[in-house]
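Presented sequentially are two complexes of chain A, the first with chain B as partner and the second with chain C.
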Partner chain A sequence: MDRSRIRERCIRTTKQRIRESVKDDNLVIQAVSSIEEVTKAANILIRRLREWYELYLPEFSRKVKDNQRFSQLILEKDKKALMKEHKFRDTMGADLPKQDVDAMLALAAGAQRLYELKKSQEDYLEKLMKRTAPNVHAITGTLIGAKLIAIAGSLKELSLFPASTVQLLGAEKALFRHMRTGAKSPKYGILHEHPLVSQSRDKGKVARMLADKISIASKVDYFKGDYVGDKLRKELVQRFGEW
Partner chain B sequence: MKSTRFPGIYEKKGRRRSLFTINLVPGRSVYGERLVRESVDLGHKASKGVTEFREWDASKSKLAAAILKGANQVGLKEGHTVLYLGCSTGTTVSHVSDIVGRGGFVFALDFAPRVMREMVFLAQERPNIAPLLADAKKPEEYEDIVKEKVDWLFQDIAQRNQPEIFLKNVAKFLKKGAYCVAAIKARSIDVSKKPGLIFRSVQKKLEEDLTLVDKRELSPFQRDHMLFVFKKR
Partner chain C sequence: MDRSRIRERCIRTTKQRIRESVKDDNLVIQAVSSIEEVTKAANILIRRLREWYELYLPEFSRKVKDNQRFSQLILEKDKKALMKEHKFRDTMGADLPKQDVDAMLALAAGAQRLYELKKSQEDYLEKLMKRTAPNVHAITGTLIGAKLIAIAGSLKELSLFPASTVQLLGAEKALFRHMRTGAKSPKYGILHEHPLVSQSRDKGKVARMLADKISIASKVDYFKGDYVGDKLRKELVQRFGEW
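Up next, the complex of A and B:
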């Protein structure tokens, strides 16, 4: 076969394989990365918004710590109403004409749209996770499960990991530091975000058992076994309590 | 622009030395590299007038880094058929494609669909590249496509058992007496061992079957990397 024919055949089959390589886990990875980035973007905007709004009514920015609520409330109510509602007798903020206030409220509106976007993507990801990895989803919830798949690279990779690797996913930096220099070994990576781990006093122990269950769950998910998520979850609840 | 002792590779000395290859597809920059048009007499090439060169960024290409670090020989020239394992998005492959020219041919292999996407775009622009989405660990999977023995084999695959994979492919696809090049990343073989130790053991293993021609450590372009050039006995 001459080379141009070989080349054309290679291009054709490679294109086809690339097309077929797109699986649900690719969607999970993109969605969870997008959620992380939208969250970061929203935080950046709100940091600027607070700085800006504090020229106008700093007391209110101090009072409402939650970012999303802060930007929502300043959109809903004007300075006078907010001062009255929160019983501020006076303010360090300047009196600004409407056009200057509108400019900062436009930023608040932009941030709100990001929060809506985040919400809709989270709803989408939840459905996607329930479909792709129902067992993992049952014990980790949407975000942690998706992040585990993202760090592992695919559901297949995750399912092939031993529990000890799952336990440390997201702690690569600390793990390699430990291996290179003999520093203390990490006990958990991304699993630290799980309420069972973060609220426990013996986090290492909980992370270990949680990783065991995730390891089992991911294997069942990848090899398409029967749903055992509730059973795995129950075992965790019996040991460590509800979350 | 001056030629170097490596066929098809040119250099320009300014504040820094930089490498160039002749652009096979004039006007197209592959990864944002600089294009330089210059009229030079290339001797053996029957080219008159202006030639377009592509700058070869050594911080993005281990082969270019080894050449800048003074490698004596890499064994690649015009007209060669090449098997390139671990082509990624095709940064280095594009220059290899420039060097071998229209009379040469490059099989560019990688097993990650994400990077192969870029590679396909590159292959569509260049008549001498055939992309292969396959696993270098399993030469059986592409032996019925790479049917001819190749003149040059390059491997850059950051795998733990990359020396074994290299030998397997060399044995199967490389002509006798031809050159093969392996970029070894110490950190992906064993993070806990000293790179020097790893390079020595890799070299020992590869020298059982091959003759060492050159080796270059790639700092400051790459960290803990060594590029080995071998000749098949």
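Up next, the complex of A and C:
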């Protein structure tokens, strides 16, 4: 067999290995990053929309703080209806011709479509997480579990971490500040988004217990063990109550 | 008339003044900023889309540099068709089930809709510029004219600037660096986007002449003079050729 054929075969084998290295957790990472970035894009649009709309009806923009609701409401109702509904007797906003209002509403519709995209991606990610890491999913829910995998880099990495590392994933900055300057050590990273942690008084303790369970769950998921998600979840519920 | 009635009347008058202070050039500023931000949002999505898609067919993403074209093409044709068309014999990308590919394509469709939104906003801005600043528009076109107004803060501000300031709008950073450190002075700011400037060899000279005309045009626009856009444009064409 001559050299060029050996070379070709090597390349083919390498390509195949690369192809086979794509796992479901790569998709989890892409999907959760995509959700974060779609949200960011929607917020960019709404920030502009508010400034623009405030030439037209500033009182309403000030009143509705939630971005998605704001853009939805101005699409549903016109200025007159909104003023009546919210009992604004007059407004500092200018009267604008229809074409100018339409241009503004086109931006609102664009933002609204991004929120829809986000929703559909969340649904997809939920299915993906149930397939990829059902045990972690049972404890953390979709977004937190996916973010943990994304921060760790892969499900394998996550499963290799001790619980104490899982507890602090997402708090790297505070952790290194603690190590450098002796500032207070962080007690949780991304886990602060979990309802059990955010609703608890002793957040550090709950985060530690939660990280314990996640650490077990991720090992079971990576090594394809039997489903123990319900059992792990039940143990948390017994200790801290339902969430 | 008692105090509270005076107060109420004052507030009403002020609100009215604020209402009347909204001019067409405010809309120009919002629209041109919106176009820039929609573009930014689309680019955020496409950056993610490329990373995601490169798990699936990396060779294609590397081949098509243009973001909008890339997301359009992957929506139009599936992996097999793309591989055949571009003569990829094999790929390093993984075979993914349909649902995973669909999630990716939903992101592409989201980006595509943002490009459509951008296009419709550009059409709107063009009409707006023709209405608000027809003379400036005749020389600069839609986007550059609108950006000049946005940087100046209003059409009034722009019309008050001498031509030398107009020439450097958008080059503030380089200008202050020049004044602070004695580095080379900038010769043009946002005007470098104008085809006359970008295609010329002596860009500084063309930018100066262009700024002269814009300065005249903006004064005519602000003080609602007769339309002289064609005349100004013709003078530039005679000197530097058609654009």
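Descriptive notes on the structure:
Note that in this section the second predicted complex is superposed on the first by the 233 of 243 C-alpha atoms of A that agree within 3 Å, B and C clash if a C-alpha of one lies under 4 Å from a C-alpha of the other, contacts with A are read in each partner's own complex, and residues count from 1 in each chain.
In this section, a residue touches a chain if its C-beta (ideal position, glycine included) is under 8 Å from a C-beta of that chain, and two chains touch if they have at least 3 such contacts.
These numbers come from a predicted model, not from an experiment.
Contacts of A:106 after superposition on the shared chain: chain C is touched, whereas chain B is not. When both complexes are overlaid on chain A, the residue A:88 reaches neither chain B nor chain C. Looking at the shared chain after the overlay, A:176 reaches chain B, while chain C stays out of its contact range.
When the two complexes are overlaid on their common chain A, residue A:115 makes contact with neither chain B nor chain C. Touch criterion met: A:55 reaches chain C, while chain B stays clear of it. Residue contacts after overlaying the shared chain place A:240 against neither chain B nor chain C. Applying the stated contact rule after C-alpha superposition, one finds that A:41 touches chain C and leaves chain B untouched. In the overlay built on the shared chain, the residue A:18 is in contact with chain B and with chain C. When both complexes are overlaid on chain A, the residue A:7 reaches chain B alone and has no touch with chain C. After superposition on the shared chain, chain A has more residues touched by C, the comparison being chain B against chain C.
Shared contact residues of chain A, touching chain B in one structure and chain C in the other: 15, 18, 22.
Residue ranges of chain A in contact with chain B, taken from their complex: 1, 3-4, 6-7, 9-11, 13-15, 17-18, 21-22, 176, 179-180.
Chain C meets chain A in the complex at residues 12, 15, 18-20, 22, 26-27, 30-31, 33-34, 37-38, 40-42, 44-45, 47-49, 51-52, 55, 90-96, 99-100, 103-104, 106-107, 109-110, 113-114, 117, 120-121, 124, 127-128.
Against chain A, the residues of chain B that register as touching in their complex are 105, 107, 113, 116-117, 119-120, 123-124, 127-133, 145, 147, 191-192.
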